[in-house]
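Next, two complexes with subunit A in common: one pairs it with subunit B, the other with subunit C.
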Partner chain A sequence: MNARTESFAVATHGLSMRYGKQTALDAVDLRVPEGAVYVLIGANGAGKSSAMKALLNLERADEGRAEVFGLDTIEDGPRVRAQVGYIPEAWEQAHSWLTCGQLIRHVAAHYPAWDQAYAAQLVEIFGVRPERKTATLSKGESRRLQFVLALAHRPPLLLLDEPADGLDPVVRNRTLAHLAEHLADTPTTVIISTHHVHEVESLADHVGVLDAGRLVAQLSRDDLRRTVRRYRVEVPEGWEAPLELRTPTLRRSRGGREMQWTLIGEEHDVTARLTAAGATVRDVTPLALEEAVLAFLSEEVAP
Partner chain B sequence: MIDMTLHPTPRWRGVVLAQIRIVGLVLKPAALVVAAVLSIGTVVIVGEIIGGGPGFDSSETFPTLLIGFLYPFAVWRNEKPFGPGLFWTFPVERRGLALAKVFAGFVWLMGALAVFVMWLLALGFLADAPPARTITRVPVTATAAMYLFGSALVLGLRHPLRWLLGAGGVLFLMNMLGNVVNRPENREWQYVPGSDAFLSVTRRAFAAWVTLPEPTQWAISTLLMFGGGFAALWAAASRHRDRRRHRNRHG
Partner chain C sequence: MLVNLDPNDARPLYLQIMDEVRRAIVVGTLKAEDPLPSVRELAGELVINPRTVSQAYQELEREGVIYVRRGQGTFVSPTAKRSAGERRSLALAVAKRALLEARRNGLSAEELVMSIQKLAAKEDE
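The block that comes next holds the complex of A and B.
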């Protein structure tokens, strides 16, 4: 089956979702390039899981629409879901009476692209025991089984909602290493939702930051590294930051006449603006991914 | 814009077979219990027949109507028709998928009824009961129709048990009210809201239906009940269809 698609694997257009009076997603415009590992970051309740469910049409949006490989998630729901491997945040024991092997066979029956040999390999890699009842699995074991179910049909899009949740550090590292191997073997776009950025830092090449349902940042990791930096500046006594500097400010702290700013923008532009405002830039530091993302979520933004 | 190969969706045949398999696995524990009960029943009844006792009452109708109505709760056990579960992540049009599961349940129900009828016939044969009378003890068509209504209930309502209990309560109250208005001293209330007429017609239709009366009446009753059952099921399954935009938390 061939289809002409946009260069974005996933695109949402003004996607909004509410639960009663609570807003889960507020006009979200996700743009996930094909082949990207896009990490969707946000605090608990920021709307990460809702966004993933909307892509699978498990939760229906109140406004807006979403596309996966150019297919509308509502008009072409089955075709969209055929492209997706999904690991939900919470594992409900819907099939607790089944053994792992029976569940794998059941899921396989719904995916013509299911790769039996690869599934067997994944079972081995993730240490899933086919004869075990799914009801008896621990959270970590359930997660590993979910990885088998999500990867075995080599989906072009993986939606991983807190994939490392419930895994101990050793298994988490091993699992993420297997995921990296899978991505090296199989051309895949991945959206990983997490609030533990460090866990997936090695995989991420694009980042989206959700804050209370709003997408407050969306950029490639290179752009993030290049444009979000910490500036240590010295300012004259009684100096007030001009308005044009306040808007792109993510975080600032003050100690005497020295201030630290986390600002968005090309370094030479920001430095020029600070200098023009009367501040002296002493030092500019690039931020680690987690630090940069935390800056977007920080409540210290207001001066 | 680039060209890429997308994964195909599954064929319906495979989906239906997968649902038949999984429903079979869901029902297996209950089926084993029923089989054990029937085995014990067989030993007891055969013992009675050999001992010269009646052993086998061939006139009573079995309550398969009620079983048919409640059986969808077992078919959908733990599936969460209204939650974002694994079932709804499958790459299959959702109304069709829901109906495939209902069909799978139907296949097992009919299989179980067939086995049950065979069991009755075997016992009837031992007890010299006429086969025609034995068969009429199991209202297969009515049970199938009740299964459709039960499935519609499970698929169409978020809280089917609450609705069921609520409806039961209302019917009970209506019946009580009907009894009150039908008392001679309350004649003037006879035609007020009571459900007597409705219940009486329904009772007659059921009686006509389950006891194999004259064919035309049976056919009309069957047509009506199946028509109603299918309509209710289609409406219920449509709540889950893919192409519903906005404002319907799925699934």
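The block that comes next holds the complex of A and C.
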């Protein structure tokens, strides 16, 4: 048994997973603090779903290990799964002949912690109609049903894989608001995977960025806001950026004697470096989450 | 109370919430003994992690701006008036934003102040 990684609800250690020759996860060290709403961001195929499946032991990692609340996800698979509410990206209709009500009762039987009264409330809140056959549900309707199933046992960990998928903007906002209210009533750690950052931006207080299976950034929202900023500088004619400024450069563009950079670092350090290099910093702006995240993805790095 | 959060704002969300509560008190939309929305309500309304709201409320409570009545909710402190100090810090925050915008446009602080005075004089006429 390994000692629990201090105060993290979820921790992975060098987690790697391959499908044939394709790398899904490459030595990923997730650190999700208890109570965080951790948004795992990446393009399709970046490894988000694989990471969640590894936590539930639905898929085996090739290397490394994972802990949920200090429990090893392989040795303690059933105990881990009992503490997790999971909304998979693609929902396989295993019980398509059941009505929503029947499915809810069926799932309830698997969770000792199932809260019957709360389940009834959630059915109401999410507008699930118990008499409907699950096979006939639209994507949005089955998403809402899944939220009922995932929340009704008040699990201490929620794994939501593209939860807003298939929801129109109004329903999405209402669903996320319900999620926020649920978190107020029930202490929960949440991992949300998405490639549509703006959809869950307001909820996120921790961010992880996956790029082709590698975790290229992992930090709190406040740290991201503080350390990834856009600098607009005025430079002399023919000015070339010194080498040490090129490394942390994420994106840059140039118009006349004005240049714009997205740089990582504490603002006073970066400003001091730019000034020392002969540039005049005109403007420093923080970035919205989506823009800041883009900065970490390799396609966006200027040649 | 209306709380507006700006995703492009450099300040952490809990600080933005604190500033919005202070602003509401300064402009008078929140008065002494007025109730604040519950953590649950505000988290749902803003679609943010309730822990962020709790953090803001705890800081405000420590500063004596609001207080918790057990089992009843959170209220504006009787002492939280539109104090001169609060007005000054609000004015400083507004000035800071204006100054940043001026710098961005290559203007000096003097040019900005002169223009503001000119505009204000015109409005008074």
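By definition in this document, the second predicted complex is superposed on the first by the 295 of 303 C-alpha atoms of A that agree within 3 Å, B and C clash if a C-alpha of one lies under 4 Å from a C-alpha of the other, contacts with A are read in each partner's own complex, and residues count from 1 in each chain.
FYI, contacts are C-beta pairs under 8 Å (C-beta built on N, C-alpha and C of every residue); 3 or more make two chains touch, one makes a residue touch a chain.
Computed from a prediction, not measured in an experiment: that's the story for all the values here.
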Partner chain in contact with A:226 - subunit B first, subunit C second, else both or neither: second
Which of subunit B and subunit C A:289 touches, first, second, both or neither: second
Between subunit B and subunit C, more extensive residue contact with subunit A: B
Touching partner for A:13 - first (subunit B), second (subunit C), both, neither: neither
Which superposed partner A:257 touches (first subunit B, second subunit C, both, neither): neither
Subunit B versus subunit C as contact partner of A:214, first or second or both or neither: neither
Partner chain in contact with A:153 - subunit B first, subunit C second, else both or neither: first
First, second, both or neither for A:63, with subunit B first and subunit C second: first
Residue numbers on subunit A that touch subunit C, as the complex places them: 35-37, 173, 176-178, 180-181, 183-185, 201-203, 205, 221-222, 225-226, 229, 232, 282-283, 285-289
For the subunit A and subunit B complex, residues of the former touching the latter: 1-7, 34, 53, 56-63, 69, 71, 74-75, 77-84, 86, 88, 92-98, 102, 106-107, 109-113, 153, 155-156
Subunit A-touching residues of subunit C, taken from the complex the two chains share: 5, 7-10, 12-13, 38-40, 43-53, 100, 103-104, 106
In the complex, subunit B residues that touch subunit A: 1-11, 14-15, 17-18, 21-22, 25-26, 28-29, 78-80, 83-94, 242-251
